[in-house]
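First chain written, first letter: the chains are A, B, C and D, and each begins at residue 1.
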Amino acid sequence: MDLLPFLLTQCLNALSQAALLFFLGVGLTLIFGIMRIVNFAHGTFYMLGAFIGYSSARVTGSFWAGLVIGPLIAGAIGAAFEMGLLRRLYRRDASAFLMVTFGLTLVLGEIIRLIWGVDALQLEVPEVFSGIVFLFDEPFPTYRLFLAGAGVVVAVGIWQFLERTRLGLLIRATSQNAEMVHALGVDVNLVRTAIFGIGCGLAALGGVLAAPLVTASLGMAGNAIIDAFVIVIIGGMGSFLGSLLAAVLVAFVQVFGTYYFPDFALAAMYMLMLLVLVIRPGGLLGKEA
Amino acid sequence: MRAVVCAAIVLAIAPFGLPLFAMTLLTEALILGLLAMSLDLMVGYTRLISFGHAAAYGLGAYTSGYLLLHTSLPLPFAVLAASALAGAVAIGVAWVCTLATGISFSMLTLAFAQLLYAVAFKWTSVTGASDGLAGIPRRAGPFGITMFQTKDGYYYLVLFCLLGAYAFCRSLVRSPFGAVLRGIRENEAKTLSLGYNTRLYKIAVVAVSFALGGLAGALYSPFAGFANTDLLFWLFSGQVLIMVIVGGQGTLHGPILGAAFFMLLEHVLSLYTESWALFFGLIFIGFVMFAPEGIWGLLTRRVRA
Amino acid sequence: MVNQADILRRTMLQAAAAAGFATLAGPAAAADPIKIGIPVALTGPLGGVGAQMRRACEFWAKEVNAKGGLLGRPVELVIEDTAGNPATTVRTVQEMVERDGIRVITAIVASNEALATVPKLAEWDTIFVSGDNGDGRLTAESLVPNFFRANVSGPMGTRAVALWLRDSPMKNFYGLGMDYAWGHNSMDVFAAEAKRAGKNFMGAVFSPTGTKDFSTYITKIRQSGAEGVYLVLAGDDNNAFLAQAKQYRLGDKVQMLTEQVDQMSINATGDSAIGLIGSSRYPFSLDNPVNKAFVAAWQAEYGRPPDLFEGDQYQSCKVLQAGIEKAGSIEAAKLRTALEGLAVTSVKGPIVMRACDHQAEQPGFIVKVVKREGMEHPVPEVIASYPADRVTPPCNKMVYDD
Amino acid sequence: MALLELDGLTKRYGGLTAVNGVTMRVEAGEVRAVIGPNGAGKTSLFHLITGVVPASAGDVRFEGRSLTRLSSYQRCQAGLSRTFQLTSLFPEMTARENCRLSAQARLARRWQPYGGQAVFGEASTRGDEALERLGLTAVAGRPAGLLSHGDQRLLEVAMALAQRPRVLLLDEPTQGLSVEETLTAVETLAGLFAGGRLTVLLVEHDMEVVFRLAQKITVMHRGSVIADDVPSVVKEDAAVQAAYLGGYA
């Protein structure tokens, strides 16, 4: 393989991977930024998305239905969880959230196992994107191009949502000063419910999109949550742009690191995280030091 | 204090009343209790929330396992050496991690523990990589002491270490040093401005915490005969943290109870149902909602009422 | 799995024996069940494999009990979840031994669980008959007297692939393995075998367990210019690789070979697995009377043919059964002697548990994944088989002499 | 030689100069106030003296020894004890424990990891003495977080005092107090300073307080010192009046 097609292929690989990491990280970072909650169950919502996506696609025969239904259901469950349980805990310290979301991880994981069983399930790539394109004679799956594109679209969408909509404004304001927003007569609880639901929905969206690459399986959650943490930590907790930056950075380090130093594939991500934290304890774009 | 003495006596006579398998569980519960208590020094007394305490346990477990497999060191010395190594490594780790505070500190500890996990996965000659170290013996000695090779003997070794560590921690948190830790917990900036080199105190408490956590790990590997990368995994760090919180942080004995509760509950549930995780999770959520002060808080509230 | 009544009954039996009625209580003693420990991973990433192994054990126990039990005693399985965690496995078995008095175990899923467990077998005075554990060392450097392997080992699977390669026109090979003891061992065996067959082994790369993005590994395989790639992947990693390899059309240029082909991963990856060639520890289509009876009974019970881990675990149960019958006891010393050199006519035909390293000598099969009319998923089809003496390694070894 | 000497002390944040070449001499036993309008650089000056932020230029000398290279806790160990503009206490500890922990910082065995009766005993004696001098003995057993705001401000002074400092630095001790609380606090502080044994550097907003307590006044404006003299002279200074006092006159 010549250098040019090699570089192009690897960069596109990295971008498609960055998109998946971004979906995973951005929800977690939004939730943290607004609610100061480390949502342990984030990976489980990602997994839930993949399984619901699988079933919806099977029932309706369309991947796209799964892509819509998965995040909606996961988001609704997340919102219900926030309303039912988390809302009673805001006066308590952070450890309460850690425990309650840890509990949710176990419960949700087991429910998924009871519903879908232990075997991995395959979600087919949608027909439109099942083909390949040739980059200087090297085949490249169009689905990966779609992933990278979806990453850009979602990133722009979230950015516009935060900048342009009233809810987005409230979310940004709440992350600055929840009491002030409350004093202005806004129902802060509603903002929190919305953001928790949106965060979980984004994780599920990532899950549905990742399923054709990795299959829907019970191992997804554990892997995903640590990736999500790494993205959020490197990017800076609560920073939307940070998570985008971190996702791209981690994806490139992984793709090129794995190529040149395969023995360090596992350690690379953690070394990067350590390096970033030592230089900037709050993460790349984080506010806290 | 009287309750502690009573508990110690009950634990000391436990081997005479409990069946074999219960002793196995109890031994492991005490080892985890020691680990959770060591973390309480950081979390409960200094508000240094570590997401990487598995590193201490894993370091201790691997070191004592390695020493017992590859050297002729007697068991108690191997365990002590492992504990000392964990404490020494912690000084370096803490030196870096204390550059940050709050959630960033937590994240740095997580990063370190995961890096150690990755190293354990690659350093085959020492850690056995994915296989871990198996067949770790409980070597006799020194002076021909064979007591620790028996099940009950080993239990007493664990109990001795736990009680010793408890007495040590109790004295530590009530000492002038402990008063400074409490100051750091409540208001670190003020403590610094009073003229305390808070970073040094934090490094010291992390080192002590790791040495005791390492002691727990060092006791675990000869007990199970086994050590692997799961002991270093972030999930385990999270579980230990939860044991501390469930038990009641900042009490020392609370986390010991929390660890025993966590382990025994998981074990008992998994005996009765394959869906143990479901009930385990529900019980946790129930705990947070209805018993925010932890098991110890729940117990003392009952007593007071 | 223990209930009050059970404990009560046991206590009464002990009381009866203590009172000197032991000889009179013959029928009661005969009804005392033979307990077999099943410390199996039911949750976690290995849960799928564990579910198969448990199913096979339950099927076997039901079959045995329907025919009046073993040594006239019913078989009782004590099943506990290990979640695939070696530390939990050791604790679980220890408890089975101490609480239930168990002296025989089987159905541990992962090799690292088995490697953690075997050093303790002597202390527990317990026999462990493996039904899945593939690590070559279990019957070589890590062999202990109380361990027996009735299943096909990793090196044996690789060997079968290598034997098939000798007759293939492909020359250049590359390897992708899980960064795991099993991955490295099997890759070593493959490299040695490939060289012996006059093939060119161009090197291998290892991916950490839990790898989700295989694009870089696929790039590396493609760049190597090899005609065949040998895969030593399992579980989620295997599924992810196959799905992504298909998306990159890797199969168009490179023949994918793998140490083991099972239906479960084929189901998970669908058409992505088509064309895959690899060894199978147990293909259900084997044509012999024992297997035909087994498949028919299985089909009647579960409405589908048995999968690889089900067949191999069932064979282990049959070996264990024959051993217990021959020994007339489950006492470790007697059972060990009985198992050594034991010959059984199994679902894979006649097999022998050889005495020197406790590895069951058995044939190896090469299958290719194909699409069949009327089947929802692609299925493996046997394209070659090799006799036991060519597939089983020399005693206490993981590599082959010829 | 003055006890505390500032020499051309400067702090720049990017383009902004918060403290601009401040030179000042504080003699032993002197009560000195630093005043100035908002943003004059008073609190920044405090941070520079106590080492919370590093100086861009200039030097701080204490008993002739340069403190520039010492970090904040080391400067405190050298004998500079301070209070904060926003009350900073240990809210869950009692007032007595607050003072004890503060006093402990000056004892040689403050870090002792076992026992400690001797350390605690000595620290308690010093702490209780400080509480007594600020009239807080009655509330000594209450958690600091539950004290009235006025008592909290005084407790912080007591904590600094318990360290038996060579120089006491008070950052707006009456900040946020009601008129009555301020009166009480000022009288308490005046009584405390009366013996002339303490050296005090005080940042204060409230002119009444300054003229009641201080023997010398340094006036800052936009980071620079514009006057430095006894209260009666400062009051008459034209530049000061223009910059600051005008509003009050």
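Here, a contact is a pair of C-beta atoms (placed from the backbone, for glycine too) under 8 Å apart; a residue touches a chain by one contact, two chains touch by 3 or more.
The model shown is predicted, which means the values in this text are computed figures rather than measured ones.
Chemist: Ignoring subunit B, which chains remain connected to each other?
Modeler: A, C | D
Chemist: So which one's got more C-beta contacts, A-B or B-C?
Modeler: Counting C-beta pairs in contact, A-B comes out ahead.
Chemist: Could you find the chain whose CA centre sits the greatest distance from that of subunit A?
Modeler: Checked the centroid distances; the maximum from subunit A is D.
Chemist: Quick check: how many Å separate the C-alpha centres of subunit C and subunit D?
Modeler: 76
Chemist: In angstrom, rounded to a whole number, how far apart do the mean CA points of subunit A and subunit B lie?
Modeler: About 32 Å, centre to centre.
Chemist: Can you give the whole-Å distance between the Cα centres of subunit B and subunit C?
Modeler: Those two chain centres are 36 Å apart.
Chemist: Taking the mean of the CA coordinates per chain, how far is subunit A from subunit D in Å?
Modeler: Their C-alpha centroids are separated by 50 Å.
Chemist: Residue numbers in subunit C touching 2 or more other chains?
Modeler: Those would be 42-43, 179, 208.
Chemist: If I count partner chains per residue in subunit D, which residues reach a count of at least 2?
Modeler: Where subunit D is concerned, no single residue meets two or more other chains.
Chemist: Out of subunit B, which residues touch more than one other chain, so two or more?
Modeler: 121-122, 277
Chemist: Can you name every pair of chains that touch?
Modeler: The list of touching pairs comes to A-B, A-C, B-C, B-D.
Chemist: Touching residues of subunit B toward subunit D in the complex: what are they?
Modeler: 171-172, 174-180, 182-183, 186-187, 189-198, 201
Chemist: Would you mind writing out the residues of subunit D in touch with subunit B in their complex?
Modeler: 50, 52, 72-74, 76-77, 81-82, 84, 88-93, 97, 100-102, 104-107, 109-116, 119-120, 123, 159, 163
Chemist: So in the complex, which bits of subunit B are touching subunit A?
Modeler: Against subunit A, the touching part of subunit B is residues 49, 96, 99-104, 107-108, 110-112, 114-115, 117-119, 121-122, 234-235, 238, 241-242, 245-246, 249, 275, 277-278, 280-285, 287-289, 292.
Chemist: Mind pulling up the subunit A residues that touch subunit B in the complex?
Modeler: So the residues of subunit A in touch with subunit B come to 38, 40, 85, 88-89, 92, 94-96, 98-100, 102-111, 113-114, 222, 226, 229, 233, 237, 263, 266-267, 270-271, 273-274, 277-278, 281-283, 286, 288-289.
Chemist: Taking the complex as given, what residues does subunit B use to touch subunit C?
Modeler: Residues 19-21, 24-25, 28, 121-122, 129-132, 134-135, 224-226, 228, 230-231, 270-271, 274, 276-277.
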